[in-house]
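Paired with chain B in one complex and with chain C in the other, chain A is shared by the two complexes that follow.
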Partner chain A sequence: MTPRPPAIRTKAETALAESFEQNRATMPGGDALRGQRARAFDVFHERGLPHRRIEAWHYTDLRNLMREAYPITQGAPAAAPASGLRIIIRDGVCTLPTGAPPAGLKLTTLRDALAGASDALIHALFPDQGADDAMVAFNAAMARDGVLIEIAPGAVIDEVIELDVTASGDAPHGDISRSLVLVGEGARASILESHAAPPKVQRNSAMIFAVGAGASLAHVFETCADSPELHVSTLIADVGKDARFESFAFVSAGEVLRRQGFVRGSGEGAKIALRGVNLLKAKQHADTTLVVDHAVPHGESRELFKTILDGEASCVFQGKVVVRPHAQKTDGGMKSQAILLSDDAAMYNKPELEIFADDVVCGHGATVGQLDADQIFYLMARGLPRAQAEGMIIEGFAREALEFVGNEAIRERLGAGLADWLARRAS
Partner chain B sequence: MAAVQETVDKVKSVDVDAYKYGFVTDIESDMAPKGLNEDIVRFISAKKDEPEWMTQWRLDAYKRWLTMQEPVWARVNYPKIDFQDLYYYAAPKRTPGPKSLDEVDPELLRTYEKLGIPLREREILAGVEGAAERRVAVDAVFDSVSVATTFKAELAKAGVIFCPISEALQTHPELVRKYLGTVVPVTDNYYATLNSAVFSDGSFVYIPPGVRCPMELSTYFRINEKNTGQFERTLIIADKGSYVSYLEGCTAPKRDENQLHAAVVELIALEDAEIKYSTVQNWYPGDSEGKGGIYNFVTKRGDCRGDRSKISWTQVETGSAITWKYPSCILRGEGSRGEFYSIAISNGHQQVDSGTKMLHLGKNTSSRIISKGIAAGHSDNTYRGQVFAHRKASGARNFTNCDSLLIGQTCGAHTVPYIESRNASAVFEHEATTSKISDDQLFYCMQRGLSGEEATALIVNGFVRDVLQQLPMEFAVEAQKLIAVSLEGSVG
Partner chain C sequence: MLDITDLHANIDGKEILKGLSLHVKAGEVAAIMGPNGSGKSTLSYVVAGRAGYDVTSGSIMLNGEDILAMEANERAAKGIFLAFQYPLEIPGVTTMTFLKAAMNAQRKQRGEEELTTPDFIKRVRAAADKLGVSQDMLRRPLNVGFSGGEKKRMEVLQMVLLEPKIAILDETDSGLDIDALRIVAEGVNALRSPDRAFLVITHYQRLLEYIVPDSVHVQSAGRIVKSGDKELAHELEKNGYRDYVADAA
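Let's look at the complex of A and B:
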């Protein structure tokens, strides 16, 4: 379906368009990049902010949710973190750690990388996946900075690469960043992407992964206690032959969060796993929209999302598994499960299959319900107060997904986050 | 097992793209001029001798239609339809409204005989033979008009009204006026609005309170004329505590150009009533190159208006070049129940985008969806369904299972479910799988002496069994045969 261009531009759309015009002259990069940005902006300008008539944004009407676009600002670089493998992107500006990175790992700020960017780098940074999405296009047009993470073939980076995306100041503003992770053949690494912000921040962030043959990358996305008011987070990944890409999302903060993933298995035997836990309350709205594209035979994909909704929160899960012709022997499994704790909460599930090859095994399951009264009764009969019984069941439910986080330290940290959320709910 | 053998025989006996209902009946027709405008709408209304309010209703629909755009969200591709290049009214030339079967053109009766539909009420002898025989009352719709309705007298004895809707407008205008357009409003969607403006005939059923309809009711639709669109409208009302089972079948001749079929079906179940609606859709699907065939753009919706009412849709979709059809249930009454059982088979260049909507509005409503899609050849088969729980629909319950089977490497199977819950106590479960016929199963059957085709037919029959079991007996046999015919040539 060709989306109809918006008849009337909203105030936010006009403001975003203006900010592109103001910034275009000072953007880093040469002519090729300028052309790329102009094309991306045209895509955004033509489509406008996504609204409910756009199928992929049906449940997250950004045109309505983003009444006002905050000015997009560039801050001064943050102070460099002295220890650890921590990269900070504050107000859309990247700061690298001072210490030397471990062997096989190369970190560059995107603004530096873009200054002399090769065509190959531009190509990797602006893949065609998701390129026709208005918000991905806007990110492509506007992102000045981020981090370029290069992992040499065969390198094994044991330490978790931490990426802190944050913002400063109380004035309402928007920040934009785009980061690229190139994982060489047979390399292994893990990345923790944390998002924090003062109350009035609108964020559009993109992470792009190219995972080489036989490589393995584990990615964790988490929201911190103070998260952006409005956040569009895009994940794009291309997974090579026999490579493994895993991404886990832990969402408990932020008012409106749209996470969209475009993941393609482009080499035979690529393994893709996308999982997550959403803990939502009050008026929070979280949207997870995934497109998993199996382009070649023998691919495997697994999706598992667990959602707990309280208050007036709403959650969206849209997952599409595409199996292209000739992508035989694809094995795809998708599951979304939600528990509604309140009568005012809402869950929208849309697990899709789009299959063009006959020798495949694909399935999906989606459930929505409330806590099992029998389970609560069982625990209460053993002397637990109701709140504790509920907490225990919810924890067990969420942990089924949490168990898949491979890194023990991160898993424990997220587990603590879960316990904390439950404790606050009970009090 | 006998039925399976029959399926296998059928596979063997028929050629690749033999559609056995593809003949044309040479019969004189009374047709309205080509194209659509206010005059045509008035012409149709005048032909039917309709009351003034009905003409106005149609004209309002037509005016609304002019402002609407064709829906494009379905996963189907076809060239733009020129709505001015169609005939909106075609009727076998005859005196208006045959009084009895003797007045019906013998050519027409032969057509129905060829289709295997007995229009003559068979005299049923009391005793041994008759007791076992099941009877079905038939309303036959040929192009735009209903040509015959059987067993009228016996149905009248039970208080059941079963007649063409054009007749109901004359004899029971108050019922038609009260219910028409209350489930599928005039403004519902592009094709439903078009239908509201130009519908020519269809069936009307009213079951009075507490009556269990003494026999199955059935309508057979046949498109015969060239370049005509068929727009029929069916309205079924089951009053308190009544029950009715309704069957629908359809065929059309083979033609190179595409023909449009845009029907509207409205079901209304009041307190404790139950409606079972079964369809075997076998419109001409086009040839093996994808040329010709029927565009089947149908709006079917049931309204469980009363408490504890139940509506069940069962469909076997094997025909049509393009199917765009979502039989739905509005579960309004407390404790009401909706069911949807579907087998959709596509072969050649067919495109199917079908599914259901279960809208849970009342408390303790429940629904069940079983959908089996089989794609072969170059076809695309999409399940698109919505399950929705309103904030007030406490205790709503849904189970959905949609499975797809792919035969061959050039077809596609797609699943697009929308599961929307706004009530904490609603419990929705959805599962879907896509697979091919497992080599192990084939091997197992062939090892026991079945040929590849026989084994495939056996496995496919097993795959769709859940749905076949829901069909009334007469249809189950027919459906089983159809499945074999539709898949033939795809088993390699």
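Let's look at the complex of A and C:
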């Protein structure tokens, strides 16, 4: 066990605890849910904000980074998007699109879903994975709203389900949301989760996925040009038999972003792929901490993260793959590669394998380097000015991960975002 | 066309080129031969403008213009092409993307119009067919997973498309089987013209059976120590470099 933090209550921790006390009476949901929230809050209260002595948070010391907790506010619902399959969560309040969703897809605001929540729904919404993490626990205690996305067994939703998480107003504030995606057996869907915010926003968001047997879900997480100042984003997924879960993260904005993933292959033959691109500059900090848990045989997992760091930016990749004693024939591969464009940038790579089965194939690789002078010369000798040569090498490096985004429109949009980031760097 | 005069160049404080002079005329194919460690690759890098080399004295003129202060890309736009001994792999960048960027970057620096996409594709197709470069290779990331022969053919394809004034071939024959060597040589020979020069750097005489040179120069210990016609290559094949190594020492 990691050592317990000393029982110091920082100003931010005290403020967060007070906000729970202020809100608990008006939270949606019945007694079962109230009990669930109280237990979650106890976890947070006992642990406080994660800090450097908590191993999983070693490189992202929230106690230090979150000196002040902004008041957590609920805004008025946003105007409903008139067209498309777009869900808006603004200031922690969900708004559904007005149009009827395609057959097989059901959308409910979480606040409505919680009003008469069954035990099964509560169980799905508050899984054990990551439950002892203080920030996951705080999210569980405080989230009032979000979206419940239910995809019927066998349904194929071609249109991308867009989830825009945003905030309003210039006053510093915090927002919290939790969303649940239930993918029925054999169903197929894709979700684009975009995060935007005015400058002074602290966000704690959680996405929980339960992917049924034989189903396939593709998830893309992206930061928009204006993103929260501090964002803890949690992804929890349970992947069933022969199901496929893919999540791709495109991170280029925000000051401090902690993405944590708790993904379990609970059915035989589950396939998990977690990939992403981080483009960071100035004093940006992005942390990707993953736990991939192979609980049963014949699982497959792939992680691939490509990071480009400029200025004084820092990035963390912690990837843990756990193979349980019975999870024979697990096939795991994890890779984190970073290019540092500046002497002041820092990359922290910590791949971990915990293998308790004897017949598995698991590998990991982590590299950190600078741009290759030979490659630059090669391209310059063909006529490309230095900035263009460097840009081409960086773009190619990132595209190796981007290629895995299955949806062409999203892939092209992220590719344009990459080109735009490079152009701004060169100018 | 290319006039190198009393060139001295260091890398990491060590002098590699020690007063090298070489003059290549328009339309000429000049071969440079020499033992390992004589600075042949360094010569090609210094002419192409690789960073890290310190030219302490001497000059390199291209058509009367001093190129020493120019960046590698400026030299390329002026018409210098280096076919690499070990072409670099550029992951994630398709060959077509790279070719278009290179051709247009040079045109832009020369103040010419960029190529339209149909014009570009037409040029690439025509050149690729002649060199046996497949469509698949053009779609793959540049040089990634290419065999040695494929990489060299890709170098020649780039040379054909970029239409240089002077092309430097640095050990282009290394690692090639006889069929690949023939394809590469045919590609070079097809480009020979009265207003284009070649500098063919090779360790062996074999390549010069296919690309017949107008002049042959022996480089040893950072200098040209002997010049002659194509017969000199045959003589070297027979007697080796020992006479010249001794001379230089």
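Operating definition for what follows: the second predicted complex is superposed on the first by the 423 of 427 C-alpha atoms of A that agree within 3 Å, B and C clash if a C-alpha of one lies under 4 Å from a C-alpha of the other, contacts with A are read in each partner's own complex, and residues count from 1 in each chain.
The criterion applied here is as follows: a contact is a pair of C-beta atoms (placed from the backbone, for glycine too) under 8 Å apart; a residue touches a chain by one contact, two chains touch by 3 or more.
As the structure is a prediction and not an experimental result, all values here were calculated from the model.
Contacts of A:343 after superposition: chain B is touched, whereas chain C is not reached. Contacts of A:354 after superposition on the shared chain: chain B is touched, whereas chain C is not. Shared-chain residue A:15: touches no atom of chain B or chain C.
Using the contact criterion defined above for the overlaid structures, shared-chain residue A:379 touches chain C, although it does not reach chain B. In the superposed pair of complexes, A:397 makes contact with chain C only, with no contact to chain B. Contacts of A:27 after superposition on the shared chain: neither chain B nor chain C is touched. By the touch criterion defined above, A:363 lies against chain B but remains apart from chain C after alignment on the C-alpha atoms of chain A. Contacts of A:388 after superposition: chain C is touched, whereas chain B is not reached.
Once the two structures are overlaid, the count of chain A residues touched is higher for B than for its counterpart among chain B and chain C. On chain A, the surface touched by chain B in one complex and the surface touched by chain C in the other have no residue in common. Chain C contributes residues 48-52, 71-73, 75-77, 81-82, 84, 87-88, 90-93, 98, 101-103, 105-106, 109, 141, 158, 162 to its touches with chain A in the complex.
Note for the complex: chain B touches chain A at residues 72-73, 391, 404, 406-436. By the touch rule above, chain A contacts chain B in their complex via residues 1, 55, 325-326, 328, 338, 340-370. Residues 372-375, 377-386, 388-389, 392-393, 395-400, 403 of chain A touch chain C in their complex.
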